[in-house]
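The same subunit A turns up in both complexes below, where it pairs with subunit B and then with subunit C.
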Partner chain A sequence: MTFFAPFTIPFIVGAGIMFFVLAWKYISWLRGLPKDDLKLILRGIPTTATLRSVWEVIRESLLHVRIFRVNPVLGYMHTSLAFGWFLLIAVGWIEVVAYLGSEFVPLQGHVFFKYFAAGKIANHIAFFDFAMDLLLAIVLSGVLLAWFKRLRSKAMGMRRTTKHTTGDRIALSFLWFVFPLRLAAESITAAIYGGGGFLTGSIGKALHNTLGTAVLENLYEPSWWLYSCALGGFFIALPFSRYMHIFTEIPLIFLRNYKLRPTHKESTYDNFEVQACSRCGICIDPCQLQSELGINNVQSVYFLRDRRYNMLSLSVANDCLMCGRCEAKCPVGINLNTLRLNSRDAMRNIPDERRYGYLRGLDRSEGSGRVGYFAGCMTLLTPKTLNAMERIFESAGEEVWWADRNGGVCCGRPLKLSGETDSAHKMMAYNTELFRKHGITTLVTSCPICLRVFREDYDLDGIEVLHHSEYIARLINEGRLRLSGGKGTFTYHDPCELGRGCGIYDAPREVIEAVGTLMEAEHNRRDSLCCGSSLANTVINDSQQLKIAASLTAELDATGAETIVTSCPLCKRAIARCAADRVRDLSEIVADAITK
Partner chain B sequence: MATINFGYSINRPRLIDIDRNNLRKSDEILLEMPELQTCIGCGTCTASCTAGNLTDFNFRKVHTLVRRGEYAGAYEEMNKCMLCGKCRLLCPRGINTRGVVMLIKRKLGDF
Partner chain C sequence: MKKRVAIIGGGVAGMQTALRLKRTGGIEPVIIEREEELGGKVRNWHVLFPTFTPAGEVLGALRSEVAAAGIEVLTGEEAEEFTDRSVKLRSERTIECDAVALCSGFTLFDATLKEEYGYGIYDNVYTSADLERMFSEGRVAMADGSAPRRIAFLHCVGSRDEKVCQRHCSKVCCITGVKQAIEMKRLFPTADVFNFYMDIRMFGPGYEELYREAQQRYNIHFVRGRISEASPMMDGRVQIKSEDTLTGRPLRMSVDMLVLLIGMRANDENGRFADKAGLTLAQSGFMQSRDLFLGNTESPRPGIFYAGAVTAPKSIGETLNEGFTAADRIAEYLGVK
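And then the complex of A and B:
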């Protein structure tokens, strides 16, 4: 059997270009990694991380378990296309071996086996005819669903889908044509030479009866040409379009399991994450900038696209609440917020080295104790929280060192969120030194923004960092705080930085239940809404912030609770614009419930 | 006669001539952040300022000077800001003050 025909050239050229570009990209990204990351990879390879990665590749790159969780039909659409195509290749390979044994067959021989084997095989193996047709039918059902999704995405659990670029649309068209053209080519082959299963065989018979041999002979070669061209076109488009995710998710899973992560500075590792984005658009629906404000060009999918093609603008990079709702839903698990942060860092102003020289020698703290309390700028703007914390400390008999009651230095996170990472580190160094100087062992803060930066960026070994919700819960459990329970009904708003940011959901709820009855809002915990006042966004204006806060307040009010509770001073101020004094900080309701 | 030091001094007379100042940067800033036209100069931003509490940084003053085309030293002065965002929460006109700080720095970084 010979394995060459002119029509295979588009396929061979396409596949060659694709593999060359892929190899070139991956090798240059790996070479660009810092030495420490390379060490992590080398150390990780002989460990169980490799096995875990293989399992994750099967789960996520072939079966797409996480997309099934978003919506079963959406999951089936993607799995039928991806896993179906994979099985077509794998079973096709086995079929060739079953017919030809150990004979060497080049790549195009496998792909176009039906063409090369036409009329040369005496005994068809019925199993393969059936299996290959079944798989093709499954893939075609996926293509049909993909077409249907273009018309009605809502039926598949997506309110909105991605608006694709022209390049992506071209690649998409090639992909959509691959399988119908394969069906046509194989059916025509079956019509002339026999064979084929329930799908290609039956269509082949029908074609044979209606068109006649002469017409079919004329259609035979062109049909294979078209199929080969669709494949070749798709392969050439793949490394430059959204379909780069097909291959890139695999190295990403391995690198992630070897503990590589994007950092606050851009690195070539980021390319693995950026190009693993399939632009599925699952991140669009959770975005409140979309649902409340109708902003349609800043969501993570568009941010990653703009960054990948070097057309990222400052207004897109900065227009994000960084609430993390999209990150929680991303089926690829891309660190969307970190990538946006390091893009902002790369686009920042040139920092002034003399900046913040005025911090030197500053110390306005007061009191002494092993427990330090850092109010943070926002708590200083909500004095009720500060007073409540004072009463709680007093009632629990805690000696407290007040870090910034008389005005202190910002924690540095707002600056970091604005991309001025280097300058933010000057503040971090100042605050760390201040904490060390006063010898505290526990640091309590009532601001989740400060909490997150203390936990993620500060080097505070030996100092336990607690959010006031955790600290109060601990006081209650240790019996140091006596509260009169059963007072009123409360609903709780999870602040983004505390919930999705630091994973603290239970402590505040525990505290609320010690005081009264908790009534959950529709979106809660990992799915909670953002208040809209996030420091991460420097683009939206006041009325837009208010609109987001109003929708959040409406949802919290819908629970029918008497009081809205939150544990972030910024969220409190945002909700207070729509709910006046019905919103209170966690510490306030605790302080009111203290029994003397 | 030797000058007697009474412990205070008189401000040097100072004139801002808007006709002579180059307002191009100022106009660009206004174009990108039109809400700045609603500023009433109340100074709440400065009163609440974290950096202003520790230094003589005065956001209202810097903003006013920049708007009148007095750019000298504005970038260095703006760099004292910690971007903590208290001013934005308190501004009675709801001006995106953090955005203003970043915008002024971006526009005047090369001055």
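And then the complex of A and C:
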């Protein structure tokens, strides 16, 4: 059997270009990694991380378990295409071995086996005819669903789907044509030479009966040419389009298991994350900028696309609440917020050395105690929380060192969020030194924004950092706070920085239940809405912020609870704009319930 | 037969409108007032800018004229909803009428919404309304009873502030701040008085002159910059943080009293009234006049008229003038000359 025909050239050229570009990209990204990252990889390879990665590749790159979790219909669509195609290749390979044994067969020989084997095989193995047709049918059902999704995304459980670039549309069209063209070519082959299963065989018979051999003979070569062109076209487009994710997710999974992460500075590692984005658009629906304000060019899918093609603008990079709702849904698990932050850093980080002279020698703290309390700028602007914390500390008999009650230095997170990373680090260094100087062992803050930066960016070994919700819950559990329970009904708003940011969902709920009855809002915990006043967004205006706050407040009000509780001073102020008399910080309801 | 006009609100706007309508001879006005007596917000004011005229003089004159004219007044009654031909009261009573004048004024901004200034949380933080009450009671002092030595006034609390959804300028607080600062200086001549402002808007007759006098004669300091936050001190005083935006320097100051010049915001019931009567609200939440030039006291619907601060923040003088204008328009509408 020979394995060459002119029509295979488009396929061979396409596949060659694709593998060359992929290799070139991956090698240059790996070579650009910082030394520490390379060490992590080398150290990780001989560990179980490698095995775990293989398992994860099977689960995520082939079976797409995470997409199934987000939306079963989308999961089927994607799995039928990707896993179906993979099986077509794998089973096709076995088929070739079953017919030809150990004979060497080049790549195109496998891909176009039906063509090369046509009329040369005496006894068809029924199993393969059936299996290959079944797989093709499954893949085609996925293509049909994909067409349908383009027409009506809502029916597929997505209110909105991605608006694609021209390049993506070209690649998409090639992909959509690959399988119908394969069906046509194989059916025509079966019509002339026999063979084929329930799908290609039956269509072949029907063609044979309606068109006759002469017409089919004329269609035979062109049909294989078209199939080969579709494949070759798709392969050439792949590394430059969204389909780059097919291969890129695999090294990403390995690198991630070797503990590589994006940081506040851009690195070539980021390319693995950026190009692993399939532009599925699952991040669009959870975005409140889209659902409340109709802004539809800034979501993570568009941010990553713009960054990848070097057309990212500050107005896109900055127009994000960083609430993390999309990150929680991303089927590839891309660190969307960190990537956006390091883009901002790359575009905005211009430290002003003279501005931070005042930090030297500054110390307005007061009191002494092993427990330090850091109010943060926003708690100083919501003094009811500060007063409540004072009462709680007093009632629990805690001696407190007040870091910033008389004014202090910002935790640095707002600057970090705006991309001014180096300036932020100046403040972080100042506060770290201040905490160390006063010898505290526990640091309590009532601001989740401060909490997150303390936990993620500060080096506070030996100092336990607690959010006031965790600290109050601990006081209650230890019996150090006496509260009169059963008073009133409360609903709770999970602040983004506290919930999705720091994973604290239970402590505030425990505290509320010690005071009264908790009534959950429709979106809660990992799925909770953003208040819209996020410091991370420097683009939307005040009335747009208010619109987001209003929709959140409406949802919280729908619970019928008497009081809205949150545990972030910024969220509280946002909600207060719509429900001034009904919103309170967690500490306020606790202070009110203290019995002695 | 006499025409009947329902006047919602018995403040200066409502009384002035009623008086003018009554004088036509062909119209019988009825004033619906939520409180137990006529007078509205002016009842809580001590003296009026820019002349330091006692508020009681203005109010006393209007009240006695209303009484002398024999105008029907329903006190302790609140309008629930209305159309041009009837007003439904909260007490389930309905007043039939031939036209309605909405003179329900404004609501004072709730200073607790600006939590960062500590109103209602710390001692020695007051609003301009609190200060008027203290002037009326004749006892102005710190919470511990001592005389203040340093006083800060903060302009634009609840005005021109998107963060509390009040974008409009309340117009009268600037001159109120100047007036109250002078009153404080008269009471406590050795005290330092500071006014923190964004812009000083002296639009009325004699206002600019009073502003100049405050600086030159009373040595009151005007600092361009909004106070960002206030915090309590151990001795009960208040520490404020601000920026002097003319010198570009941040400043921190301890004061004995912080006075918040609270703005005028739209009444909550405006929305309900508008829904029921088919009227429209301005973006600020105040009622929208038919047009700002030739139909200032008319609503978009025939038979419904406005006077005073129900359409926008106004001074007392402007409100009194609108009472006349609205009454004339109503008389014209009812065909009474």
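Heads up, the rule we're going with is that the second predicted complex is superposed on the first by the 593 of 596 C-alpha atoms of A that agree within 3 Å, B and C clash if a C-alpha of one lies under 4 Å from a C-alpha of the other, contacts with A are read in each partner's own complex, and residues count from 1 in each chain.
The definition used in the following text is that a contact is a pair of C-beta atoms (placed from the backbone, for glycine too) under 8 Å apart; a residue touches a chain by one contact, two chains touch by 3 or more.
Quick caveat: nothing in here was measured; it's all calculated off a predicted structure.
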Exercise. Determine, for the superposed arrangement built on subunit A, whether subunit B and subunit C clash or fit.
Key: clash
Quiz prompt | Partner chain in contact with A:N387 - subunit B first, subunit C second, else both or neither | solution = second
Quiz item: Does subunit B (first) or subunit C (second) touch A:I295, or do both, or does neither?
Solution: neither
Exercise. Check whether subunit B or subunit C contacts more residues of subunit A in the superposed model.
Key: B
Exercise. With the two complexes superposed on chain A, say which partner A:A580 touches: subunit B (first), subunit C (second), both, or neither.
Key: second
Practice problem: Could you tell me if A:V409 is touching subunit B, subunit C, both of them or neither one (first, second, both, neither)? | Solution: first
Quiz item: Can A:S543 be said to touch subunit B (first), subunit C (second), both, or neither?
Solution: both
Quiz prompt | Steric overlap of subunit B with subunit C in the superposed model, located at which of 1-9, 19-27 or 37-45 | solution = 37-45
Quiz item: Touching subunit B and also subunit C: which subunit A residues?
Solution: 380-381, 407, 542-543, 573
Exercise. Give every residue of subunit A touching subunit C within the complex, in rising order.
Key: 380-384, 387, 405-407, 542-543, 546, 573, 576-577, 580
Self-check item: subunit B-touching residues of subunit A, taken from the complex the two chains share
Solution: 314, 349-350, 352, 354-356, 358-359, 362, 377-378, 380-381, 407-410, 412, 414-415, 418, 420, 423, 427, 533, 535, 538-543, 570, 573
Quiz item: Which part of subunit C faces subunit A closely enough to touch in the complex?
Solution: 110, 112-113, 115-116, 118, 121-122, 162-165, 228-229, 231-232, 239, 241, 252
Quiz item: Which subunit B residues qualify as touching subunit A in the complex?
Solution: 35, 48, 50, 53-55, 75-76, 79-80, 82-86, 89-91, 93-96, 98-99, 102, 105-106, 109
